[in-house]
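In the two complexes below, chain A is the common chain; its partner is chain B in one and chain C in the other.
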Partner chain A sequence: MVRFVLSRALKAVLTVWIAITSTFFLLRLLPGDPTTLMVEGDMTPEMQAALLKTYGLDRPLWEQYVSYLRELVQGNLGISFRQIQPVTDIILDRLPWTLLLAGSAFVLTVAVGIPIGVTAAVNRGKWLDRALQGFGISANALFVPSVAILLLVFFGAQLGWFPIGGAIDPDTRGVGAYLSLAHHLVLPVLSLILVQLGPYALTLRTNMIEVLGEDYIRAAQARGLSARRRVWKHGLRNAILPALTLMGLQLGTLVGGAVLTETVFAYPGVGRLIYEAVGQQDYPVIQGAFIMLAVTVVIANALTDMLYAVLNPRIRL
Partner chain B sequence: MKKTVKGRWRLAVALGVVATLGVSGCGLNEDNSSSSGSSDTVLRIGTTTDVSNFNPLQSLSKTDSWILNAMYPHLLRIDENAQKAPELAKEYRYEDDGKTAVFELRDDFKWTDGQPVVAEDVKFSAEKIMEYKLGNVAAKLTWVESIEAPDATTVKFKLSQPYAPFAEGVGFWMSIVPKHIFEKAGDLSKFPNDTNWVGAGPFVLDSMTKGQRYVMKRNEHYPLAPEGKAAVSQVEYRVYPDVNTMMLALRNGDIDLMGTPVPVSAAKTFENDSKIKLEKVGALGFAHLTYNMKNKYLADQQVRQALSMSVDTKAIISAVLQGDGQQMAGPISPIFAEYDNTEIQPYPFDPAGAKAKLAAAGYRDANNDGFFDELSFGVACDQSNANITRVVQLFRESAAKAGIKLENECVERNTFLTRTKNGEYDIDASQWGVFDNPMDQLRSTYLSSNPGGINYNLLESAEMDTLINDAAGTTDPEAFRAKIKNLDKVVHEQAYLTPLYVENFQFAYNASKFTGFSPSPSDLLGMVTAYSLAQVTPVK
Partner chain C sequence: MSAPVLTEQAIPPVAPATTRRSSWYAYLRQPTVALSVLVLLVMVLMAVFAPLIADEPSGAGPDVLQPPSGAHWFGTDDLGQDIFAQVVWGTRTSLVIGLAASLIAIVLGTAIGLAAAYFRPIDAVATVITDVMLALPTLPLMIMLAAVVSPSVWTLTLIIGFFAWPEVARLIRSQGLVISAMPYIDGARVLGATGWRIVTREILPAVVSLMIVSVLLTASRAVISEAGLSFLGLGDPDAWSWGRILLNAQRSGTIAIAWWQTLFPSLAILLLVLSATLAGMRFNDTRDPRRNGG
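Then we have the complex of A and B:
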C-alpha cells in the first residue's frame, strides 16, 4: 500500500513538474510579450524596456525559469503583472467558485449518468436504449458556449426563471445567500452536465451490458435474486470500475469547460481569471492558474486510482 | 466488506458535497457594502473585465478607466463634440512663447475625506508619473522640465520646447490623485491602491466582490453635477465578460447601461424593446490600411494611390458597419472638425482607373494572369477583429480587379501585434483606438523617430519630420490648425494610408429608469465618463 501511494505521488510530482515547465516555456514562446498588448501611441521603447525589466522578462530564459522554480518551491507563485498582487491571493479568491461549479457538475453528472447508463443497458435494443444513446451521442457533440447561451436565452431571458450571469446576489445574507448561490449555479452546472453526460452515460452502458452477461450475474439470477438487486448491487459495482477512470479524466475536461462556462455566465472562477489573464499576457497569473489546475487534475486522478484499488476486490495493494 | 465499501462511497460523496459548498461558502459575504439604498437611485453598469489595477497613475486598461475616472478628476475632459472642456481646470493658457503651460484650477473640488483638491495634488501626480514613468501619461510629460504650484489653484508646467497640444494631452489623460494619501505609499509603481479609496470625482469605490461587482458611492460634493452632487446615489459595475450575456442582462433588467458598445450586428435585437434606448457616439480613432514604405513597390506613390483607388470604402461601410460609419479622406478624423481638411476628397473607387494608372507607371502583366507581375502583397490584420477581417476580404476582391494580388494574412492578435512591431508586413489593416488630438496622432504615426512604435508606414521622410515638428511647436491656434490641415493634405496626396471609416458606437441603456447621460466619442469614454455619470437622473 505504502509503495503504491509513494509511486503514485512520485508520478504526480513528475506530471506537475512537466505541466509547470511546459506552461512556462509555451507562454514565452508565444509571439510578443506583455508590453505588445499595451500598444500606445506614446509608449517609447525605453518605457517598454523598463516595463519588461520590472516584470523580470529582460533576463535570460533559463534564469527566469530557475528563479521561478525556486520561488515556486517556497510556495510563491509570483506577482501579477497587471494587478500588482500575489498570484496566490488572486487565485485563492477565485478557486472556491470553480470548485463549487466543477464539483457540483461532477457530482451531478455521475448521479444522473449512472441511472441513464444502467437504464440504457438494461433496456438494450429497446426504444428507451436507443433514445438514451441518441441523447448521449448528441450531448457528446455539444459545444459549451452554445449550450450556455441557449440556456441563458431560454431559461434566463425568456422564462425569467434564472438570473443572467453572476454567482450570487451580493446583497443577500444568511440562508438567502445560499439560496441565491444555488439559484445562480443552476444554469452553469446544467450546461456542464449536458456536455459531460454523454460520454459518461455511454461508457457506463457499454460496461453494464458486458457485466450483465457475466457468469456471476447469471448465478445470482439462478439464486433467485431480483433483477433490481442483480443490476444495482452486483452489476453496477463492477460496471462502474472502468467508468472511475473516465471520471478522473473528465475532471480535466470539466475544468477546461469551466473556462468557457464561467466566461459566458460571468461566473467569477479561475476559468474566467485565465480568460482575462491570457488576454493581458499576465504570465504569472496564467502560470499560477495552470499549475493549480494541473495539481487539481493530478490529485483527482491519483485519488481515482486509489479509489479504484479500494473498490475493486481483485486489486490488492 | 460490502457494507464497508458502500459506506465509504456514501461518506466520500457526502464529504465532497459538504467540502465544495463549505469552501465556496467562505466567500459568500465578503462584499460588506451597505447597498440597501432604494433601487431607483442605483445605476448598474455592465463592464467586461475586473479592475486589473486600481492605481490611476499606472493603469492602462480601458475598463479600469471607467471606474477610476469616476473617482479621480482630470484637468480637462472631452465633450460630445470631441472638444476639450474644463473639468478640474477652469482654463489653461501658454506663456513664454509656449514654453510654459498654465492651468487655473477650480477651488470647489474636494476629496471625499474633506481635503480640498489643490495645485499641489496636480504637481505631485505629474511628478510621480515622471519619476516612475507611469502609464501612458509619462510620454506626454516628455517636454516638462519643472512644475510649479505658486498658489492653491495655479499649476505651471515649464517645457523644454513648445508643444502645441501639451495642455490638451496632459489635461485629458492625467488623473489627479490626493497627495496626502498617495505620498504615504512610497514607490507608486508598486502601489496597488486597492482599499480605503479617497477620490474627488462624482463617485468613489466603496466595496467590491472580485469577479462580480464594484460598488461606488456618491461623493456628496461634486461641483460639476447639477445639484452639487450626482442624482444617482450609487453606481454599481457588474462584470460580464461576454457581451451577449451583458445584452441579456440589460434586457432582463439586471443592469441599466452597457459600458461597452453594442455590436453593430446585435443592435437590432433592441429595436422592439421600448425600454431600451441606443445612444450613438463617434470614434476618436479610425480603421485604415497602412503601407509599409520599406517594400520597394509600396514605396511608390503611384502604387499606393492605385491601392487607395481599389478600396470601395462606401461598400465597406455599408457591408461591414451596416451603414453606421463615416467615410474619411485624409488621416484626420472628421470628428476633429476644426482640423479636418475638407478640401481633400477620398480617392474614388475606380479599379479600372487604378489599373490604367499602374500600366502608365510602367507595371506589366507579362504572363497575362490578370495581375501585375510585381504587385503582390500580404495584408496583415488581427483576426479577432471581425470588421477588419471582413474589410481585408473585400479589399482583396476589389484589388484583384485593379490587377493587384493580395494575400489575407490575418492572424491571432499577439502575432499580429508582434509582426506590426517588427515591421513584418506589406499592408497593415487595423484600427486606431483613441487619439485625443490630431498632433499627437501625426507625431506617433509619421515621425521617423517612431516615438510610440506605431509608425506603421516605417516612414522616414525629412519633409514629414519638418512639417510635423514645425506644427508641434506652433502655439498660435489659427496657424496650428492651418499646419495640421496641410499635413492632412500631404498624407492624403502621398497616400501613406487609406483611411477606411470612422465607426459609430452605440451604447444601450434602460431609458425607462435613467436619463440625462452626456455621451462622449469613443468606446473609452462613451456614456461612463465622470461628467456623464454626474448628469444622470432617475426617471420619475
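Then we have the complex of A and C:
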C-alpha cells in the first residue's frame, strides 16, 4: 500500500513537471512570446532592453527555465500585469470557490449516478434504462455555457428561484451565510452535473450488467441472498471501481466545465478569473491559473486512484 | 434510445455474406443514422453556401434586440445584427475548425497509437505522454496557448488539434495491440516484412474503421472546444462562431432578456455535435456486432 501511494505520488509530480516544462518551452517558442507581449510599441530599444533585463528575459532559455522552476517550487507564479499583486495570492483567493463548485459537482454526480446506473442495469431495457442511454449519448453534445445559460434564464431570471450570479450575499451572517452560499451554488453545480452525469451513470450501468453475470453473484443467489443485497452490496462494490477511474479521468473536463460555468454565473472562482484575465491580456495570471488548476486536477486524480486502491482488495496490501 | 431498433436492423440475417456496399446501406438505413447524416449534410451545405443564404453580419442595424419574426428568423442582437446570419456564418467556422482539428488529431493519434502498439520501446514513452496529456485540464491549457498567439481560425485549429490526439492514440493503440498479436502479423514478420511495412500495410487497414469513428467523435469534441474558447473571448475576431454569439450576449448583459440570442447558437451546437456523435457511435456498432448487446 505504502509503495502504491509513493509510486502514485511520484507519477503525479512527474505529470506536473512535464506539464510545466512543456508549456514553458511551448510558450517561448510560439510566435507571440512574452517579450513582444510585454514591450509596448513606442519604447526605445534601450528601454526595451532594460525591461527585459529586469524580468530576466535577456538570459539564455535554460537559465530562465531553471530560475522559473526554482521560483515555482517556492510557490511564486510571478506578478500580475494589471493588478500589481503576486499571481499566487490572486489565484489562492479564488481557488476555494472553484474547489467548492467542482467538488460539489463531483460528489453529487457520484451520489446521484450510482442509484441511476444500478437501477438502469437491474431493469435493463425498461424506460429508465432507455432514457439513461439517450441522456448518456446526448450529454456528449451538451455545451456547458448553453446549459448554464438555459438554467440561468429559466430558474434565475424567469422564475426567480435562484440568484443569477455571484457566490454569496455579502449582507448575510452565520447560518444565513451558509444558506446563501448553497443558494448561489445550485445553478452552477446543476449545469456541471447535467453534463457529467450521463456518461458516469452509463459506465456504471455497463459495469453492473457485467458484474451481475459473474459466478460469485450466482453463488450469492444460490446461498439465498436477497436481490437487494446481491446488487447493492456484492455487485456495486465491483461495478463502482471502473466508474471511479472514469471520474478521475473526467476531472480535467470537470475543471474545464467549471471555468465556463463560473463565467456565465459571475462566480468568483479561478474560471471567472481566467475570463477576466483573457479580457485584460494578463498573461501571468492565465499561465498561473493553468498551473494551479493542473496541480489541483493531478492531486485530485491521485487521491481518486488511492481511494480506488482502498476499495479494491486486489491492490490493498 | 434506439438500441432495440439497432439489434433488429444492424445484424440482418445476411450478415455473414454482407458486401461492403450493403453494410453501408444497413448503416444508413437506421433512422437515427439517416437523421444524423441529414443534419450533417444540411450543416455542410449551410457552411459552403453561407454567402448565398445570408449577408455576413457587420455594423449596426436599426432593429435592436428584436425577438424572432418574419424579417429576422432568429431575432437580432443589441447591435441590431441578424442572429440567423450569425448562426449561418458561424457554421462555417465550427465545421472548418472541427474537421481540420480532428484531421490533425487523427493523423497524430494514429501515428503515435500504431507506433506504440507495434514497437515496444516507443510504447513506454508514448503511454507516459498520453497519460500526462489526458490527466491535464485541456481547456485551461488551450486557453493559455490561445491567449498568447493571436487567435485566428488556423491557430485555433492547430491548438485544438494538437490537444485532441491523446484520446485517438489510446483508442488506436488498444486496437493495434490486439491486431499486433494476431498470427498473420507473425506470418508477415516471418516472410521478412519490415516493421514499417507491417504497420502501414497490415495493421493500419485493420484500424481504418476505428479511424472513421474517431474523426466524427474528435470533430465533435473540437467543435465544443472551439465554442468554449470563443465564448471566453479567444475566438477569431474576424470570423463568426457560435461561441462568439453567446459571448456577445454575455458581454452585453442581454442573456436574461434576449433568449433568442443564446438559444439558436446553442441548438446549432447541440444538433451538430449530437449528429456527429450518433453517426460515429452507430458506425462503431455496425462495424462490431458483438457490441450491440451492451
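Criterion: the second predicted complex is superposed on the first by the 273 of 317 C-alpha atoms of A that agree within 3 Å, B and C clash if a C-alpha of one lies under 4 Å from a C-alpha of the other, contacts with A are read in each partner's own complex, and residues count from 1 in each chain.
Convention: a contact is a pair of C-beta atoms (placed from the backbone, for glycine too) under 8 Å apart; a residue touches a chain by one contact, two chains touch by 3 or more.
None of these values were measured; they are calculated from a predicted model.
When both complexes are overlaid on chain A, the residue A:R130 reaches chain C alone and has no touch with chain B. By the touch criterion stated above, A:L311 is placed in contact with chain B alone, chain C being left untouched.
In the overlay built on the shared chain, the residue A:G176 is in contact with neither chain B nor chain C. Once the two complexes are overlaid on the shared chain, A:Q280 sits against chain B while remaining clear of chain C. In the superposition on chain A, A:V153 contacts both chain B and chain C.
Looking at the shared chain after the overlay, A:T206 reaches chain C, while chain B stays out of its contact range.
In the superposition on chain A, A:V264 makes contact with both chain B and chain C. Of the two partner chains placed around the shared chain by superposition, chain C is the only one that A:V255 touches, whereas chain B remains out of contact.
Annotation: chain A residues 30-32, 37, 149, 152-153, 156-157, 164, 263-264, 275, 279, 281 touch chain B in one complex and chain C in the other. Within the complex formed with chain A, the residues of chain C that make contact are 1, 3-4, 128-129, 131-132, 134-141, 143-145, 147-150, 220, 224, 227-228, 231-234, 243, 246, 249-250, 255-257, 259, 262, 265-266, 269-270, 273-274, 277-278, 281, 294.
The touching residues of chain A, when paired with chain C in their complex, are 14-15, 18-19, 23, 26-27, 30-34, 37, 125, 130, 133-134, 137-138, 140-146, 149-150, 152-153, 156-157, 164, 206, 209, 249, 251-253, 255-256, 259-260, 263-264, 274-275, 277-279, 281, 283, 286-287, 289-290, 293-294, 297-298, 301.
Touching chain B in their complex are the following residues of chain A: 30-32, 36-45, 47-48, 50, 54, 82-85, 93-97, 99-100, 103-104, 107, 149, 152-153, 156-157, 160, 163-168, 170-171, 173, 177-178, 181, 237, 263-269, 272-273, 275-276, 279-281, 307, 310-311, 313. Every residue of chain B that touches chain A in the complex is listed here, in rising order: 1, 5, 8-9, 12-13, 16-17, 19-21, 23-29, 31, 33, 35-36, 49-50, 52-53, 55, 60-61, 133, 136, 138-140, 189-192, 194, 209-213, 238-242, 244-245, 248-249, 251-252, 254, 412-415, 417-419, 421, 433, 435, 440-441, 443-445, 451-454.
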